[in-house]
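Look for subunit A in each of the two complexes below; its partner is subunit B in the first and subunit C in the second.
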Partner chain A sequence: MKKLQRVSPVVFKSTPLKTESRDNWEVVMEYNGEGDGPYLVDLSHRPRFDLQDSNLAAQKPFGILIPETPGDCVLENGILANRMNRTQVSLFNLDADDTVSMPDEPGYTEVTESTLCVALIGKNVFSICEKLTALDFMDQLRKAPFLFQGPFSHVPCQIVTLNKAGDKSGLILTCSRGYGRDMIDSILHAGEEFGLKPAGESRFAKWIKEL
Partner chain B sequence: MALTITCPICGKRNGYEFKFGGEEKGPRPDEKDLTPEAWCDYVHMNKCVAGVQQEWWFHKDGCGSWFPIYRDTTTNLEKPEPGGQK
Partner chain C sequence: MMNRFNHLPTLKVDTAQKIAFIYKGKKYYGVKGDTVATALYANGIRIFARSLKYHRPRGLYSLDGECSNTCMEVDGIPNVRCENTLLKDGMVIKEQNVKGSAENDWMSFLDKLDWMMPAGFYYNVMHKPAKIWPIAMKQIRKAAGLGKISPDFEMPGKFDEIFLNTDVCVIGGGPAGMMAALGAAQKGLRVILMESRPWLGGFFEYRSSQYKEGETLHNRAGQLAKEVESFENIRVFTHTAAVGTYNNNLVTGFQIGKKDDVFNERYIEIRAKSVVVAAGCIERPLIFDNNERPGVMQINCALRMAKTYGLLPGKKAVFSIGHDLGLEAALELHDLGLAISCIADIREDGQDPVLLKKIQDKNILFLKGWVATKAHGRKLVKKVSLASVDGQVSKTFDCDLVVASAGMTPVTGHITVAQGTLKYDNHTGFFLPDQMPDKMHAAGRLLGLNDPLSIEASGMLAGLKAAFDCENCSIGEIGEAKKALENLPGPVRGTKLVTAPVKGRKSFICFDEDATIKNIKQAIEKGFDVPELIKRFTATGLGPGQGGIPGHNLPLYVAKYQALPDISIRPTNVRPPLVPTLISTYAGVNHKMFKITPMDEMQRKDGGIFRNIGVWQRARYFSNDLSCKKEIENVRSNVGMLDGSTLGKFRIYGPDALKALQRVFVSDMSRVKQGRIKYSAMCNDDGCMIDDGVVIKQGENDYYFTTSSGRAGQTAEWIRYHTRYDGWNFALVNLTDALGVINISGPNARKVLEKVVDIDISNEAFGYSEYKEFKISDTIPLRAMRLGFVGELSYELHVPSSYMKAVWLMLKEAGKEFNIQNFGVEAQNVLRMEKCHIILGQESEQRTNLLDVGLGFLWDRKKADAKTIGAVALHQAEKDQTRLKLVGFKMENNSRAPRDGALIVDDKVRGYIATARDSFSLNEAVGMALVEAPLSKIGTRLTIFEDECGDDRIYGKVVEMPFYDPEGKRMKM
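After this line comes the complex of A and B, so read on.
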């Protein structure tokens, strides 16, 4: 019998230094020559769900109170909940030490396999984003974490800004899996002048713990 | 002139993020006693107003919402609802 293997849509050219096998994913924890930042981290293996309900106020996915206003997000216990519209919320499990599975209730859809997910963290991340999208991440009226649903490198994406503060800045971006190679290529190309390098999951785990 | 559109979910965005969905034509006509000519008129005939008209837009690169706005077709600028609060 062949071994089940889940494959990330994100491929980096860097050489992995440390990998981990987790839930049939081959997760890279560290890459060779990660540099000093900013970093691009593949999080496509992290579980992600959509929840749809006509009365979201009555739902508490993983014990989290869903934000009321579309565009608002909440990060609690390693789960990021992003209010998309009146009836939908997207849920990202960002804590590698506490992996969750999909609740056995109606309304949930697992989207882990159908989307790519990357984190862009460190200094100058918004300068890189400015080259790829017209969305205003530095809008003074928006307090992190917040969600943008809009084009990034001409691809419809969900982008969650987790922190806007200087060297600790960072965001998470998801889009359809099929855009994987082109999206990564365009982000790395835009980030070249800022020293953007692929990084392993350890780098993201450390960053999010410091938030 | 660049068109911007105010999405009820995402706020004011570049017009290129949206797809035009046609004029707002009111509710679908009652099927009882509906003639093919009247249905054809409802589906295909437009007023093509030179001025402010209500029309549907789809936020294809964003949240995926369908919503109506008012737009001045002579200036290609979004306008507030005539006599309303928008």
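After this line comes the complex of A and C, so read on.
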């Protein structure tokens, strides 16, 4: 039987130099010609969950205390928890070395397949963003990590800013999987003038460790 | 080519770097930094274009694009404002709106026929008799209009867009604007500074007058620009015109790209907490006979020609001015070699004595209380007549340049567009800001200030006020800045004169529309007594200059002509874009954002022809035969695969999930059984059908349901909205993109599927309307449903999107021996139509209710009405005999199918065709139509009217539905 292969909604034209097979995903660890940044990294294979509960305060997904205020996020032990509203939180498993499974409890839904997930990291990240959205990433009142739920290249997205500091800047963006082709095209097009290049997961792993 | 100055510190051109361009087929050279207009001028071109109505010669006037005088065709693009467009190597420039050439225009005879075209002549003349109008209109349209463009012209260049957020946005990069930016930035705020010229400095930048001891205004502009650029928190956008100001301090603009930029133009949208408007002043045109003849230009135009572009604007000049800037310009230009015959100053007094002394020292004739009355010369200025302001005494001077200006007028568009109001100020003669919009502040010359230090102080004050809006400045600090301004010279007295003492037949108040003072008088005499009405009756201010020339002259003249005791009338409204730009700039990059299914690439490889359907791109056909005959026949006789991934898919769970389902679905959802599929519909409060789909119970208080593709985006909000007061505990998750859908249909569908799955899928084990969850290859989780939308044995497989390709390839491989084929959305449309299964939006529209389309059986009438959306309305509709009904029909005499949307008529419209096709399964044309109840009886003849059918009609007959397999055996096989 042929090996079952999962397909990411994100397709880069760059040539992969190093890949890893993980849960039937072919994860690119490094691409040819990644450049000096900024970088666009496909994280669509990273597990993502939706948790809804009328009493979120009583929940501690993966042992994490969920932020109280919608828009606030917390990154702990490789899990990014993003408070969306009164009853809902999105959970991204960002640590490739510690892949988690969905808790077997009623409020959880696995949404890995629902969205594409990319990280946009490095210098000029927010200059790229301002070509695609009116969201104010540099608002001095917002301390990273924080969540925006709003349009990016006209598409509703969840965008978590993890760092706002110069060359170390970075964010994670998710949107409906179906927009994969056009969203990636528009980000790469917007980032062309800043030298944005696709990069492998290793680049992201290194970046997030330095946060 | 004219000689250029190359020693002036204010120059913005590099005379050593030549730039070649083509004008009317001939090669010319400009220099780096030239605009198209200055390059042409340097090459001796004086007549740039002809005017709209009278084809009068037009030339350089403002240098800031305030009128259409220098609109030309550049690189195939008409109406390019040459005064604002930087010259680029290889540009091809042509005249526009000329028959012949700008120099010799055959249409110039129209100038003599102005008596035939009084104000509003369109309204008065061309409709009597009415049949003249269509003929006249065509001729007028041929003669008028600026520039021509081919319908298939493709705009060259790159257009970009950025969306910015800031604390303070400053409009205007002159001294006041720069000080405002510094004031706010020093408070730690984020500041955006927009300047329409390619450099900062504004009114100071090109002037050599003293700022303070030992320092020129030009030097000061440089210092301020450097300081501004040293602040990391100030973002400077030069060559960026602000074109709109909206509620909540949204500012829009467009930026012209530099050589190394990745864009030619880009649209800028700024959301600011506070806005400072420091847009300065333009000159108020002096109105006299032939005041737009090439050779007549404004003070700033003449001065900047020399100081910025190194070009002496003429040889011998007469100045007719009303502001000290005119005196300063005359002195500077005189020193640069311009012979000045006379300076006529409208003002009797109030001039700067230092300037007067210098004029006297240079023996230049200076006339106080005099004004230009007529420019002479058929195409170019040859001489000018001056008269005392009372018109009693006159003189004539030979000259090739008339520098004319009535004074200054503030640029208030950004304030009024944002709903600020203006009030006439008798001291300055300006319409000054009266009530400013919330969190918007004015600064600089537009307040009537003229003293350099006052201008800067007002900028600082505005910057601090903006900082206060952002809660970063104290009232005390603002008080100090206010005091500093009060200790400096205040606004200067302005001139009141609007027109020279002339009759006005050839005195133009609006250059773009060839509107004269005489036209304004005509309009007033006809009863149009306020500027807004006069503007529309005479077209004054409606041209591409956006009212730059008539601007504040129009209300001033209207007040004067009617001898109003005070100037209570206001300038006409200006609207965005305040500066004209390209539609391409507004379009921006225009990324096409469509959703694709996981099978997109595979289907394209298989020859799929895609169409945009809502937010999705879907394979509609798989061959160039748009009737899809082979696709349809393959499903009816063999097996086909359809990508149905666009279906809306949702999980709803929680203790009150069932209550929510009961609320939105018309059926009794408590009867959804595990392992079974329930088809149902959603209605709105009017009972009109908005969605349909299937519901599955996948666990206790845990359901999975589908919606139509087009509705998926609204479903979650719809359910939440209609349960908002109940406090129910349930959760919704949109899984539309998480799961792809493969619909495998046709009599051989089971044979293909059973090769891929490990479970028993016989009719006994997996019957019609049943649901199963299982895994393929112990890995891929599948939800499978036995449905029959296309009227054949069908399985709908819901597959995790990332595995869709894998499953699709498995099915293709398994189906090879049966020659399995793709089928697209159009084939599905015909197949389901033959079965009379409806698609919302095709067999329904906004007013179509559940009963109209024959789905009343879905509605559980025992549910309490208030608990089902639309039930109350459906109860009422049941008794209503006037509603349209969905019927099936066949065409008479085996004729072709009518077009979708064609009308059912007798002496009135009685309904319309929903879907109709030539059916290959039935060998006849069939369709569904919504018709009035009396026409819905079986056997009724339907008369069908199609677009452009004239008196021809086609006919159909109402028949029983469904057309295909009425007993439904095939989908249950």
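Things to note:
Basically, the second predicted complex is superposed on the first by the 209 of 211 C-alpha atoms of A that agree within 3 Å, B and C clash if a C-alpha of one lies under 4 Å from a C-alpha of the other, contacts with A are read in each partner's own complex, and residues count from 1 in each chain.
Operating definition for what follows: a contact is a pair of C-beta atoms (placed from the backbone, for glycine too) under 8 Å apart; a residue touches a chain by one contact, two chains touch by 3 or more.
Note that the structure is a prediction, hence the values are computed from the model and not measured.
After superposition onto subunit A, partners subunit B and subunit C are found to sit side by side with no clash. Applying the stated contact rule after C-alpha superposition, one finds that A:134 touches each of subunit B and subunit C.
Contact with subunit C, but none with subunit B, is seen for A:24 once the two complexes are overlaid on the shared chain.
In the superposition on chain A, A:7 makes contact with subunit C only, not with subunit B.
Angle at subunit A between subunit B and subunit C, computed from CA centres in the superposed arrangement: 50 degrees, to the nearest 10. Looking at the shared chain after the overlay, A:50 reaches subunit C, while subunit B stays out of its contact range.
Residue contacts after overlaying the shared chain place A:148 against subunit B, while subunit C stays out of touching range.
When both complexes are overlaid on chain A, the residue A:59 reaches neither subunit B nor subunit C.
Note on subunit A: of its two partners subunit C and subunit B, the one contacting more of its residues is C.
Look at A:114: by the touch rule set out above, it reaches subunit C but stays clear of subunit B.
After superposing the two complexes on chain A, the shortest C-alpha to C-alpha distance between subunit B and subunit C comes to 5 Å. On subunit A, the patch touched by subunit B and the patch touched by subunit C overlap at residues 134.
Those residues of subunit B that touch subunit A in the shared complex are 9-11, 13-14, 17, 59-65. For subunit A in complex with subunit B, the residues that touch the partner chain are 70-71, 84-85, 134, 148-151, 156. By the touch rule above, subunit C contacts subunit A in their complex via residues 160-165, 190, 262, 269, 271, 589, 591-598, 600, 615-616, 651, 653-654, 702, 729, 731-739, 777, 779-780, 800-806, 809.
Those residues of subunit A whose C-beta lies close enough to touch subunit C in the complex are 1-2, 4-9, 24-25, 50, 52-54, 87-88, 106-107, 109, 111-115, 130-136, 138-140, 153-155, 176-183, 185-186, 189-190, 192-193.
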